[in-house]
Amino acid sequence: MPPDDASVSSITDPGSGTAHVPAYVLRVPTGPYRSLNPLTRFVIAIASAAVAFGVRGWTGPLAVLALTAALALYAGVARSLRRFVLATIPIVVSILFINAFLYPGATDVLARIGPFAATGTGVTVALQATLRVVAFALSVALFSLTTATDDFLADLENRGAGRRLTFIIGSAIGTVPAMATRVTEIVEAQRARGLDTEGSVRRRIRGIVPLAGPMVFGALSEVEERTVALEARGFSAPARRTVMRVLPDDGAQRALRWLLGLGSLVAVAASITGRFPLP
Amino acid sequence: MIGIAIDGVAYTYPTGVRALDGVDLAVRPGETLAIIGQNGSGKSTLVRQLNGLLRPGQGRVLLDGAEVGRRHVAELARLVGLAFQDPDRQIFSGSARAEVAFGPRNLGLHGAELDRRVAEALEVVGLAGSADVNPYDLGYSRRKLLAIASVLAMRTPVVVLDEPTTGQDQRGFGRVRAIVATLAAEGRTVIAISHDMRFVAETFGRVVVMRAGRIVLDGTPADVFAEQSWGVLASTYLEPTLAARVGARLGVGSTPTEASLVAALTARM
Amino acid sequence: MTIRLAGATYRYAGARSNALDGVDLELAPGSVIGVVGANEAGKSTLCLVASGLAPVVVAGSLGGSVTIDGRKTITMRPHELAQRCGILLQNPEAQLSGTAVTVFEELAFGPRNLGLPLGSVVERVEASLETLAIAHLAARDPARLSGGQAQLVALAAILALRPAYLILDEPTSQLDPQGTRLVGDALRRLAAENRTGILVVEHKTNLLDRLTDSVVLIDEGRVVREGPAAEVLGDPALAALGVEPPPRARIRAAIAAAGLDGTGVTDALLLELAS
């Protein structure tokens, strides 16, 4: 019996007419921002990152920050984005410190702490640098928070990316949670044979140390078997893989992607050649 | 020699699955007990309550009269040894020898005494010749035996084996049976989960049938495979052994094993 | 149109001796052949060689001849082998793709790789879910299945390829008695109705007793016994060769040894009660 919530949707495949693929497989993304095609969201992230780092001065990074924040609110991921911001704090603080106090050649001193002098130039550079880092981090975060890996890869494959490439990316990303699960299992097994990992932090660390070897051995032996299994399921067949999931796209989004791509290239080029009009 | 008391234990996984729904079980010191039931009936969940890997949501577990309580898993590991169903979730060392040595070393053994303990355990499971082999170069069934060896080396008063005969050939099967017999002769309490009805009938003094998180049948193999229990077994998709079915058909009483069938037929002659 | 091994030998790359040492075997459409033997006798190697994956994917050297429907396996590409011959290896979790979000997509993996029309892909997935009674797992994450569930999903994924031949290496090892029976019935139906040729390695000789037409016993890379299932599984030398005889054979032997012939334990009775 199919699951109760499996509403069946029809999708049209040019090769075969209509087929009934369950909704839980089609997983058409809905909701503000998420309903954009994954490639569009990807181009937004790349263009933002390019402008954040490639455009000198304040305008570039500030514009990206503003845009990303607005999109995050629109997509409803603002709270999660805040966690990313907090995660960048250590980098930000070190950049600030290093640039403010140790910027070479600056003479407009604002304050002194012992032998170290904070210069106006240094502080400006520091603030801009931290803005860039945060803007970059947030645009990447926005993409990953609103985009399921499988959606992006399925869309790429539909556009012609080889099945091997998408498989490698997909399984690499999937490896992380799989490894985490395996670590938990092994620690459990160690505890069941007398290794005390509960209680103090030192004890917890002791549990993790003997793990590297077995993780690798187990993973390697599985890779061998998995390769054979993949071939046994026709992985290297020459035919074009059947399209099962289609992520919607439209002319407006295509135009937007071109616009963003070209626009960010122009902005970066202008900045490099010193012709960027804004501060 | 220690006994186990499981007292009204219920357990629900974080995913919401209620795996144990009120289990009462008293195991006498030195008893050999088999737990049978469908996949998902709660067998593995139940045995994990014994060494603290899982803690009861309701009820309590007592080992040797003392409540398991919040004692650390590592401490309970001195009392209850558990060989996991999937050896690859348990094995983490680069050699069979190192794998077996891990447990006893945690218990404080070292030097010559540790080496002796390890050698003995490897011998018992037939892996003495593979002591320095990487576990992943051994086949699945020998890795399973290795997992059992690493628990045996800890010489715990209670030994729990989760599906020990899966994937074993005839020789491996014989080794597992001999291991259970030896542990029982040493007075240890042995608990095994198994799908192999013949293994269960021939090797254990007591059988417990689980269904949907509860115990629905509890007795000797003769009780559990007797004709009047077949309805309960069928309700959880289990079948009595062929020997039991033959004995019932010929009207010689409950004969769960081939030996008991032969004995009953001989007696009738 | 069969899978035929003639004097097949196989040595894994870097190994010092042959894992298969001269095997003659023929798997015809609609027949079910059981393979028994001690662990490390060469059963798994036989599976890899018969399906062509060795040496086409698994490095090693093949001697003798292995043909599928008249074509030598060494001349075939992996996907050509996959289309004719479905193989299920021992470790279920290593056979899942690791990239499918749901079991449905896991089962669709094979048919999609072959470029089949979408309607056909969906139909095959649904049929496989139905055959192994796992439709309730269709929306689940394949990475979060129990060992037994993963084994059924891995088998279903192979069935979705609708191969003419199935080669299965211990397909019920993680299953409970109900699951084992279900797989046995499904295989029997496939052989009878779809004329699928099935080679199945098992330790559960009682399953083979019910399921197979003939059985081969492998020892040290060679076939040392072959014949009708009842005959091979009833052979008194089975235990010495590392194989547990099925309950029927054991009881018959125990009755005879105790001089209890004539007490009503007839072959017919045993056959009736064992099925």
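Labels A, B and C are assigned to the chains in the order they are written; within every chain, residues are numbered from 1.
Following the convention adopted for this analysis, a residue touches a chain if its C-beta (ideal position, glycine included) is under 8 Å from a C-beta of that chain, and two chains touch if they have at least 3 such contacts.
The model shown is predicted, which means the values in this text are computed figures rather than measured ones.
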{"item": "Chain located farthest away, centre of subunit C as origin (C-alpha)", "value": "A"}
{"item": "Between A-C and B-C, the pair joined by more C-beta contacts", "value": "A-C"}
{"item": "Inter-centroid spacing, subunit C versus subunit A (mean Cα positions, whole Å)", "value": "43"}
{"item": "Inter-chain centre distance, subunit B versus subunit C - centres from mean C-alpha coordinates, in Å", "value": "28"}
{"item": "Contacts with 2+ other chains: residues of subunit C", "value": "91"}
{"item": "Residues of subunit C defined as touching subunit A within the complex", "value": "48, 51, 53, 56-58, 77-79, 81-83, 86-87, 89, 91, 93-99, 101-102, 104-105, 108-122, 135-136, 138-139, 143, 157-158, 161"}
{"item": "Subunit B partner contacts - residues on subunit A that touch it in the complex", "value": "182, 185-186, 188-199, 210-211, 213-214, 217-218, 220-221"}
{"item": "Subunit B residues within the subunit C interface of the complex", "value": "37-40, 85-86, 139-142, 166-173, 195, 197-198, 237-239, 241-243, 245-246, 249-250, 258-259, 261-262, 265-266, 268-269"}
{"item": "Residue numbers on subunit B that touch subunit A, as the complex places them", "value": "51, 53, 72-75, 77-78, 81-82, 84, 88-94, 102-103, 106-107, 134-136, 150-151, 154"}
{"item": "Touching residues on subunit C, where the partner in the complex is subunit B", "value": "37-40, 90-91, 146-149, 170, 173-180, 203, 206, 239, 242-244, 247-248, 250-251, 254-255, 258, 260, 263-265, 269-270, 273-274"}
